[in-house]
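Each of the two complexes below includes chain A, the first together with chain B, the second together with chain C.
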Partner chain A sequence: MVSLKNISKSYGDKRILDDVSVDFPRGKITSLIGGNGTGKSTLLSIVSRLIPKDKGDVFIIDENITNLDSKELAKKLSILKQSNHSSIRLTIRELVCFGRFPYTRGKRLCNQDCRIVREAIEYMSLEEIQDSYIDELSGGQKQRAFLAMVIAQDTDYILLDEPLNNLDMKHSVQIMKILRKLAKDLNKTIIIIVHDINFASCYSDYIATVKNGKISHFGTTDEIIQTDVLKDVFDIDFEIMQVNGNKICLYFV
Partner chain B sequence: MTRFILISCIVVCSIFSLLIGVKDISVFNILKLGQEEVMILFVSRIPRIISLIVAGVGMSISGMIMQQITLNKFVSPTTAGSLDAAKLGILIATILLPNTDSLYKMLFAFAFTVIASLIFMRFVNRIKKKSIIFVPLVGIMFGSVLSAISTFFAYKNNIVQNMETWLIGDFSSILKGNYELIYVSLPFVLITYLYANKFTVIGLGEDFSTSLGLNYNRIVALGLVCVSLTVSSIMITAGAIPFLGLIIPNIVSFIFGDNLKKTLPYTAMIGALFLILCDIISRLIIFPYEIPIGLTVGVIGGAIFLLLILKRGRYAT
Partner chain C sequence: MPRKKIYILSAITSVIILAYLFTFTGTQLDYVLPRRGYKILAMLLISCCIATASIIFQTITANRILTPSIMGFESVYVLFQTILVFIYGDQTFQAISAETNFLLSVLMMIGFALLLYFLIFKKDKNSVYFLLLVGLIMGALFRSFTSFFQMLIDPNEFFVVQNSMFASFNNVNTKLLGISAIVLVVCLYLISRYISRLNVLSLGKEHAINLGINYNKLVKSNLIIIAIMVSISTALIGPITFLGILVANLSYEYLKTYKHTTLIIGGSLITCIAVIGGDYLVEHLFDMSTTISIVINFVGGLYFLYLLLKKDKPW
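Now for the complex of A and B:
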């Protein structure tokens, strides 16, 4: 379980997160939804110690992450951010190998590391292009390569900041199915920011809505995908339909 | 295989370089050299080839490390103000301690280069839109400001001409006894090799590095210290060698990628080879006189660099 207790963060006068407390259940997929600039990314970055918090604590199981060594935390928790400015020229395989960095600390990969790297590449169906340079890939292939790297990092907690960005429908569905599998088979705890409400609805166990720097609602997918809740979060009208046991939201007109 | 070819090329070019010069030394009477020839070899030509190799390796690797740290392929000691900072350091040392020896001048150059690198990194972090052209442009402007400060102090102390000579790389005055400081850069080349994987991770960006449990700031600091010491030691012995740190890492990245553990040996070897070749050209083109190697590297490097920009434009996003 990842627990946030009274997290606050401001940039200058602008309050991004305001006394946020929430528990993300273990072995489940939790989606963070909300409008642009509500503080979702900041929240994930604070949980993964990428940016410092002003106030509050983050606990993994019962350990406060400020007490954890960054090297140890890298074996427990990984994050993939949406923006990636790097133009580094690595092959997909080399990149995925660096997912093992927390375990090898830059030394040679052992047989077990190589096996995990191979599996991660297979998981994302990248075998055929594993020797291509990532700066020559399409947006979707690149995203899958970085996800393979995160999978190779083999952490119990995986945070993903808009992993469906740049992906076409086929690959978006593929990624979400893989995340489902990771949660179900390997008991991974996945926290994911998604903008497409229907991906959140169809694939997550829990949903947290973020508004004005606070978690405005938190509950099971069924509890959150309700017209009144969504209207409160996004300020637009939703129509919700049941399709094969999934709730599909219509909001286009 | 590629490594073997590169090493062979370096050996052949080095031997050729040993044999050219005003004093004719032929490969056929290498076994019956007179006392004078032996002296020329050991006092002038062997130190020269050694410093060429060390400078070639050092400048290329420094460029590569700087590019990893700034996530920008066009940043190098030339385009980040490092060379100008080193020059300013040497100048200040010369003014404050006129009779001091090279070691102290180098330490001054080192201190100034480290400070300049830190300031440059602050600039880079402040830039919101990290355009591939804008970052080196800021570096060049920063270098010009440092250079202007140097010129001001040099003018006040009537040593403008002296100072200009440091700025132009030149291996013709390298003699036994005055070049040994260049060896200072060797341990740092070794360190970069040992830390190659960590420098590669740095090249993925700060977020990735932190997520992988790497102490980002510590590795960046280590990189900056290594680069500054290497650049200073080369600057004090041979002068500034522009462009080398820019083109060699780019050529290597283009062909072999950015996995430093794999590519660092190539960067080192191609850098050394390129510098030896430029030196040979500089010595032959108006034989028996020489043109400064900085000029040759600038002309050839500039041309290659232009080609690279045109080629890169095709696949860079």
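Now for the complex of A and C:
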């Protein structure tokens, strides 16, 4: 379980997160939804120690992350941010191998590491292009390559900031299915930021809505995908339909 | 593949060193050869310093068009030399020995760097770019002071200062070579322990933290090592780190790898070729009518423009 207790963060006078407390359940997919600039990305960055917080604590199974060594944390929790441009020359395989760095610390990859790297590449169906250089890939391929690196990092907690960015429909669905499999089969705790409400509705177990630097609603997908809740979060009208047991939101007109 | 390229670079370097040593010797071999030998040693040493410092600096700043000279090391050096001449006039060389001057210059530059780092990292700003900005402004300030002092001194004495404003291998003090070599070896040893972490850092700050790198510590310790290496090379032969952009980018283009071990070795060899080859040209083609800085800045400047203008290639 990842628990946030009274997290606050300001940039200058602008309050980004205001006394946020929330528990993300273990082994489940939790989606963070909310408008632009509400503090979702900041929240994930704080949980993953990418940026320092002003106040509050983050706990991973009762352990405060400020007390955890960064090296140890890298074996428990991984994060992938939304923009991943990199100017260096390396192949997809080499990139995915970096995912093993927390375990090898720069030493040679052992057989087990190599197996995990191979599996991660297969998971993302990148076998055929694994020797291509990442600066020559399309946005979607690059996104999948970085996701493969995160999978190779093999952490119990995975935080993803808009992983569906740049992906076409086929690959978006594929990635969401992989995430569901990771949560179900390997008991990974996954927290993702998604903008497509229907991906959140169809694939996540829990949804947290973020508004004005606070968690405005938190609950199971069923509880959150309601017209009144969504209107409160996004300030637009939603029509919700049942399709094959999934709730699909219509908000285009 | 990179291994083969390193061999090729080593071969070219060796050929240039041999040409440098054994062509246009004249008859006074026992005078010419040792002198050239020391010059070669000096050039190998500063090549290593410049290439290593620039490549690591570019990894830390995640920027391929910066060199450590942006931090203002060289303006500290030139200002210090100008002040010396301002105080002692044409007596400078009697008043201060080359060794003392070297030591003081190095200490001034490292002191300046440490002061900058501690002021900025203490304030919890923690941004490398903020550090660079302050360094850039301080550099401009020091250059203004330098100009001011140069206006005040006698035109004849100005020539003394001018010597230290351009890089030159002609008067490298052999005693200083030993100390510099020892310091360089210590620096390289320290860097070798950071190599795998630097490889991870080249993915970017956020990926590095995600993979368990202590980002602030890594950046701070490497910035200090860079400061030491740049100070040595500047105090030994004068401002030349502009060369860093050229050779670092040539190494990326040629070696096509992210591995710092390969990049640093390859980059050092490319720098050797540029420096020794450049000096050879200055001596025998231009008959000493120009300086190596001018040759390198001219070629480097053209290459820099090319880098900025070529849009089709990803980098």
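Quick notes on this one:
In the analysis below, the second predicted complex is superposed on the first by the 252 of 253 C-alpha atoms of A that agree within 3 Å, B and C clash if a C-alpha of one lies under 4 Å from a C-alpha of the other, contacts with A are read in each partner's own complex, and residues count from 1 in each chain.
The rule is short, and it goes like this: a residue touches a chain if its C-beta (ideal position, glycine included) is under 8 Å from a C-beta of that chain, and two chains touch if they have at least 3 such contacts.
These numbers were taken from a predicted model, which means no experiment stands behind them.
For the composite obtained by superposing both complexes on chain A, the positions of chain B and chain C are in clash. After overlaying the two complexes on the shared chain, residue contacts for A:S78 are found with chain B and with chain C alike. Contact with both chain B and chain C is seen for A:S70 once the two complexes are overlaid on the shared chain. Contacts of A:K5 after superposition on the shared chain: neither chain B nor chain C is touched. Applying the stated contact rule after C-alpha superposition, one finds that A:L50 touches each of chain B and chain C. Of the two partner chains placed by superposition, A:R180 touches none, neither chain B nor chain C. On chain A, the patch touched by chain B and the patch touched by chain C overlap at residues 48-50, 70-75, 78-81, 84, 86-90, 94, 98-99, 101-102, 106-107, 135-136, 153.
For chain A in complex with chain B, the residues that touch the partner chain are 45, 48-50, 70-75, 78-81, 84-91, 94, 98-99, 101-102, 106-107, 133, 135-136, 153. Across the interface of their complex, chain A is touched by residues 62, 64, 195-197, 199-200, 202-204, 206-207, 209-214, 252, 256-258, 314-315 of chain C. By the touch rule above, chain B contacts chain A in their complex via residues 71, 73, 130, 132, 195-198, 200-201, 203-208, 210-215, 253-254, 257-259, 315-317. Chain A meets chain C in the complex at residues 48-50, 70-75, 78-81, 84, 86-90, 94-95, 98-99, 101-102, 105-107, 135-136, 153.
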